[in-house]
Amino acid sequence: MSAVLEVKDLQIAFGGVKAVDGLSFEARENEIIAVIGPNGAGKTSAFNCITGFYKPTGGAISLNGKDITGKRPADIAAAGISRTFQNLRLFPDLTVLDNVRAGMHLYGGQNWADAIFHTPRFKRSEAHYTDEAHRWLDFVGYTGPRGVPIRNLAYGQQKQVEIARALARKSGVLLLDEPAAGLNYTEKQGLLSLCRRIRDLGTAIVLIEHDMGLVMELSERIVVMNFGHEIAEGTPAEVKANPAVIEAYLGKDEEVES
Amino acid sequence: MTENVDTTLAPKKVGAPQSFLSRVFESRQLGWVALGIALLAPFVIATPYALNVMTTAAIFVLLASGLNIVVGYCGLLDLGYIAFMAVGAYTSGIIAKAFELPLVFTIPAVLVMTVLAGLIIGAPTLRLRSDYLAIVTLGFGEITRITANNLTITGGPSGIFGIPGLFEVGDFDSQEPAVFYYITVLVVAAFVLAAARLGKSRLGRAWRFVREDEDAAEAMGIHTYKVKLLAYIFGAIWGGFGGILFAAHLSAVSPQSFIFLQSALVLMAVVLGGMGNMRGVVIGALVISLLPELLRDLSDYRYLAFGLLLVVVMVFRPQGFWPARGYEPERRKMEKLDPALKGAS
Amino acid sequence: MKITKRSTMLLGVATAVLLATAGCSGGLLGGGGDGGDGGGEESGPIKLALVVPISGSSAPTGAYMENGAQLAVDEINDDGGILDGRMLELDVEDEACDAQQSVAGANKAVSNGAVVSVGGYCSGATLPEIPIFEKANIPMIIPAANSQDIVNQGAKNVFMINGTGKQQSTAALTFMKDQGFKTVALVDDNTSYSKDINTETAKQIEEDGSVTVALSTSVTPGESDYSAVVRDIMGANPELVYWTGYYQEGGLIINQLMNAGYTGKIMVADGSVDASLSEIAGAGAEGVYATMTQTPDTLEGAEDWIANYKEAFGSDPGPYSTQSYDAVRLAAQAIEDAGSTDGDAIIKALEAIDGFEMFSGPLKFTPEHTLSSGGFVILVVKDGAFVLEDDLS
Amino acid sequence: MPRRTSPKRPTASVTATVCFADPKRILMVQVIWDGLFVGSFYALIALGYSMVYGIIKLLNFAHGDIYMLGAFIGFAALTSLGGIPATLSIGALLVVMLLSMVLTGGAGVLIERFAYRPLRGAPRLAVLITAVGVSFSLEYGIAAIAGPNPRAFPIRLEGNVFNIIGARISLPQIILILIAGVLMILLNFYVQKTSTGRAMRSISLDRNASLLMGINVNQVISRTFFIGSALAGAAGVMAGAYYGKIDFLMGFIIGLKAFTAAVIGGIGNIKGAMLGGLVLGFVEAFGSEWFGGQWRDVFAFAVLILFLTLRPTGILGERVTERV
């Protein structure tokens, strides 16, 4: 298995404060990696660097061997990374289906003239979009209404839709920022199986997560960050036993244990 | 396209509105009904004044539908939209007069000029925060007007007049008020339909994604800047065609027609009607353009009444008369479910 | 397509409603075209269209014009009307100095059955009215708008009773030469009326050769601070500043010039001849010249007119009150002469008019339908009021 | 001196500047002074824009009309007082200015209470449209009450003119700049040192957090409107007394300019508004010097656009790193 996403010595500073300082990891096909660390460790900043929302101040990121460091988010998305956000970033006034269609923007298949004249090409392409949207909603196990604005839906459903949207992008790498936050036990179990099914599609998953139980059960490798530094990397068992990790989580024992 | 409506999945609370009235309002044929009414109106009243007012209103609808692309779909606050109409009107007026051409032949030139104007105004500004965009577009609007007022080619303060008609074939005069009204209504209807269709396409969705959450849209691979620029260009083209009709209708173009108030009025039409909903915008445009005419007899007080009305309407209905609802059929693909997800959740 | 039926029904209902109401008014199917030729009516009041700015930044002048016209209407009606007792009625429409509004206003007036138009203030708004009134065969007596562009249109229904920019410029140049001014600064307010005079004056000065234009510039109306143009004028240091715009900005510029220590003379064009000019300009207005047609203030025996105006409207007459007053009287005279409200007849009557007494003097139209003599004189501000300085004869 | 030539007649105007000893320098000083003077008006009005924007992120379009309202209140007050001896004009002006500040401040509070507050959760465009509606209502309301004609202001500030390094500077100008300066210093003190001022700053940083901290947000917003409107009202009276003419549309252009000034300085930032006003004043003064007065607004807006493209946060605005 080759590395799809490669992050080398990533650094980002905000006005002198180094949010990420020397993060390196690789993600391979069919693999789930977790990035963990206490609040403020720089995990989300690292995600934002990888997806182009922040310009890294140092280091390199490559995708399938191509350097994507510092490119704009849309180009990185086109290159093959999709993501979810820590706090839901859906399009609240748009329907569930439209939200998922957002992930399919790069499918193309029609242009503005097709739209204005409703050419057969346009109709085919729209039908395809709709089918795909339904397919991905089914895939994530979404059972709620699909033609209504998403802001009316329950939180768990919104989380499902956000993942469906990211999946619709059909990219090789999926970054999930705290996918389990705010979910109940059943929903977390659903998430667990969903992640595995996504992995089985051949996708590399990198997730940020605070729920240690979930992380330990799901991920093949774990990267631990603290104060912007990478303090450990390894299998769940290795990380659990690492004294630096235990120290970083001191006072948060219950999370490690749970 | 509306068969197979399967609403069983929708809980009542969040489902699409079910009342008779809402159904009528959401009906696909409503646009044709409106067009029918517009086409029949002259059989009711056809005084020169009525035709003039109705033609003006129709042109205004065109402008509002163009601005709706920019503001309603894409969420870009444009306070200088009338500048695009000015560009269209001046371009067609100047060329038609200089070469003594019927106005229809100026369409290519107007297209080029308005697209150019959209690029010039949009390119440097669309990276800006929305409030800044508002003031910058306002600035561009004023710059356009003042420039038109100061240049010789635009006729300075008195503008251009004696502009030829749209076209003339034998005895058939396109400038005959009733004829011109019908031409306008048909052109405007076509543009409104085109704008509505654009709104329901991949590009239109991209506009809405940008409006709702630019970062999330960007993360989906949407070049937000390009998409915004396209919204601007389409808005500009709509405005430019409004300008051609305007020039043909009045046979004169002068800077006074492109003051900030006009931009504000078009924007009001969009917001009052319901941003993003083309039907609402058409209604809003009709209200905004017809109301001052109806209030004409109040003379001094009409803008006072107008101002107060705006405040009252906005306070009680901030989404506009008829906001975009954002419902669509729950239609599911009739194929088998993916076996892989049986048992998931 | 389950909604189709309902929509069809809706369309049907709408059609029915429309067609039902079609019977009662002038739709395409109805009587047809009763709007276009209201002049054909043989009884009832005779309507005069007055399309002037009621809203917008030129609204004040619109009010003066409306009052002036109303005064004439009232006087004529008090005397028993015209054409054997038919009353005059003003149909006031807003032009807002905007082509779109003025076209709507003109169309409305035509629909209302106006017989003669006696309005027209902003040239840019008046120009697009011309084809509308021309088509309806309604004569236009334009009291204020005086851009050369209107003359150039050559419409046979258009009559201008305000001196043209050309005539005013000639008067200005004559006075400059009389007084021996060598350098002048020409300042306009970027409206077509004002720019017209500026351009025309500059042209005539160049042809004449004995005066030099030290500066020719424009300001943006509606602002308060004109320090830029004041600096320019101080820099150019002319012997005379000729302001061709309106009194609102004129007053401010005069005041700011005086505060800046300007020592030369100032002359204003007729748009600035208003009592408010010296109120706004303060003491600096003393000695300011103006090119102007005769006004009630400067005419002997016009005190009564001013008193009447004041009594009727509670304020002093303003710019174009007199012209509007005269426009209505002229229209009444022409209708009387024509013996009918037919457009062609009235136009003929207007062309035939000779020696009709107006504030600007006895009237006779040139073949271009402008005043044969602009009737411009030079006024000067004395104790805050404009008085006759030089009748240029 | 090609800049002095008219656009229409490039040949006829060369005689102009030779009469001065060193016209260029004199002119520069004069341009700077004129820019400073106009700029202080812009700054006073820009403050209201900026404060309101800082607190509730609203572009209060009606703000320029509050300036107009202030001028008309001053006009009404002075007219009802009758003739005032010239020697007392400064005193009378100050009294009337205070009165006008209180009334326009009150008007600002009422407008916020009845037009903006009900819309606090609404889409921003809806609020903006409301502001345009308020603007119309104020303009044409005043036109209906006071008539559409421009009015001459009852008192006129007059005084000596000093010649300072070539610039002509009049006493009224100095007085008005001083008044504007004092108002701005007072405001700055208020915002920096008082509890309400601190509350304002904290709300502009984070409204929800401020609510949690027990700050009465509604009250602070009301006070912000009061202060912003009062400053505009003061500027209105000052403009009336200096320029001598007021009309119901006088607030429109200056409102746009003040808005521009607020953005140039960094909208939401009080010092930025003051600075932006002065910068815009200079920009316009130099712009009309170089391109001619009729191009002044074009130049001002063009500079604004350039500015925003190159430094979108304004001069003093802080760069906001948006969290994703």
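Per-chain residue numbering starts at 1, and chain names A, B, C and D are given in the order in which the chains are listed.
Note that in this section contacts are C-beta pairs under 8 Å (C-beta built on N, C-alpha and C of every residue); 3 or more make two chains touch, one makes a residue touch a chain.
Everything numeric here is computed off the predicted structure, so don't read it as measured data.
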Checklist entry - Which chains lie in contact with each of chain C and chain D? => result B
Next on the checklist: Can you tell me which chain is nearest the middle of the complex, judged by mean CA position?
Outcome noted: B
Item to check | Furthest chain, CA centroid comparison against chain C | outcome: A
Item to check | Gap in Å, rounded to a whole number, between the CA centres of chain B and chain A | outcome: 38
Checklist entry - If you average the Cα atoms of chain A and of chain D to get two centres, how far apart are those centres in Å? => result 49
Checklist outcome for this item: For the pair chain B and chain C, the C-alpha centroid-to-centroid distance in angstrom is 35
Checklist entry - How many Å are there between the centre of chain B and the centre of chain D, using C-alpha atoms for each centre? => result 33
Checklist outcome for this item: Contacts with two or more other chains occur in chain A at residues 53, 85, 89
Item to check | Junction residues of chain B - those touching two or more other chains | outcome: 146, 149-150, 215, 300, 302-303
Checklist outcome for this item: Residue numbers in chain C touching two or more further chains are 55, 190, 218, 220
Checklist outcome for this item: Per the touch rule above, chain C residues touching chain B in the complex are 1-4, 6-8, 10-11, 14-15, 18-19, 21-22, 25-30, 32, 34-36, 54-55, 92-94, 96-100, 103-104, 107-112, 122-125, 127-128, 131-132, 136, 147, 149, 153, 190-192, 194-196, 218, 220
Item to check | In the complex, chain C residues that touch chain D | outcome: 55, 57, 59-60, 62-63, 183, 186, 190, 199, 202, 205-206, 212-220, 222-229, 231-232, 234-237, 248, 251-252, 255-256, 259-261, 276, 279-282, 318
Item to check | Of all residues in chain A, those that touch chain B in their complex | outcome: 51-53, 72-74, 77-78, 82-83, 85, 89-95, 97-98, 101-103, 105-106, 108-112, 114-116, 118, 122, 125-126, 129-131, 134-135, 138-141, 143-149, 152-153, 165, 169, 186-187, 190, 193-194, 197
Checklist outcome for this item: Listed in rising order, chain B residues that touch chain D in their complex are 71, 77, 124-125, 127-132, 134-136, 138-140, 142-143, 146-147, 149-150, 215, 260, 264, 267-268, 271-272, 275, 300-304, 306-311, 314-315, 318-320
Checklist entry - Along chain D, where are the residues that touch chain C in the complex? => result 4, 6, 8-9, 12-13, 15-17, 19-20, 23, 27, 30-31, 34, 37-38, 41, 140, 143, 147-150, 152, 156, 158, 161, 168, 170, 239, 243-245, 247, 249-250, 252-254, 284-285, 288-289, 292-294, 296-297
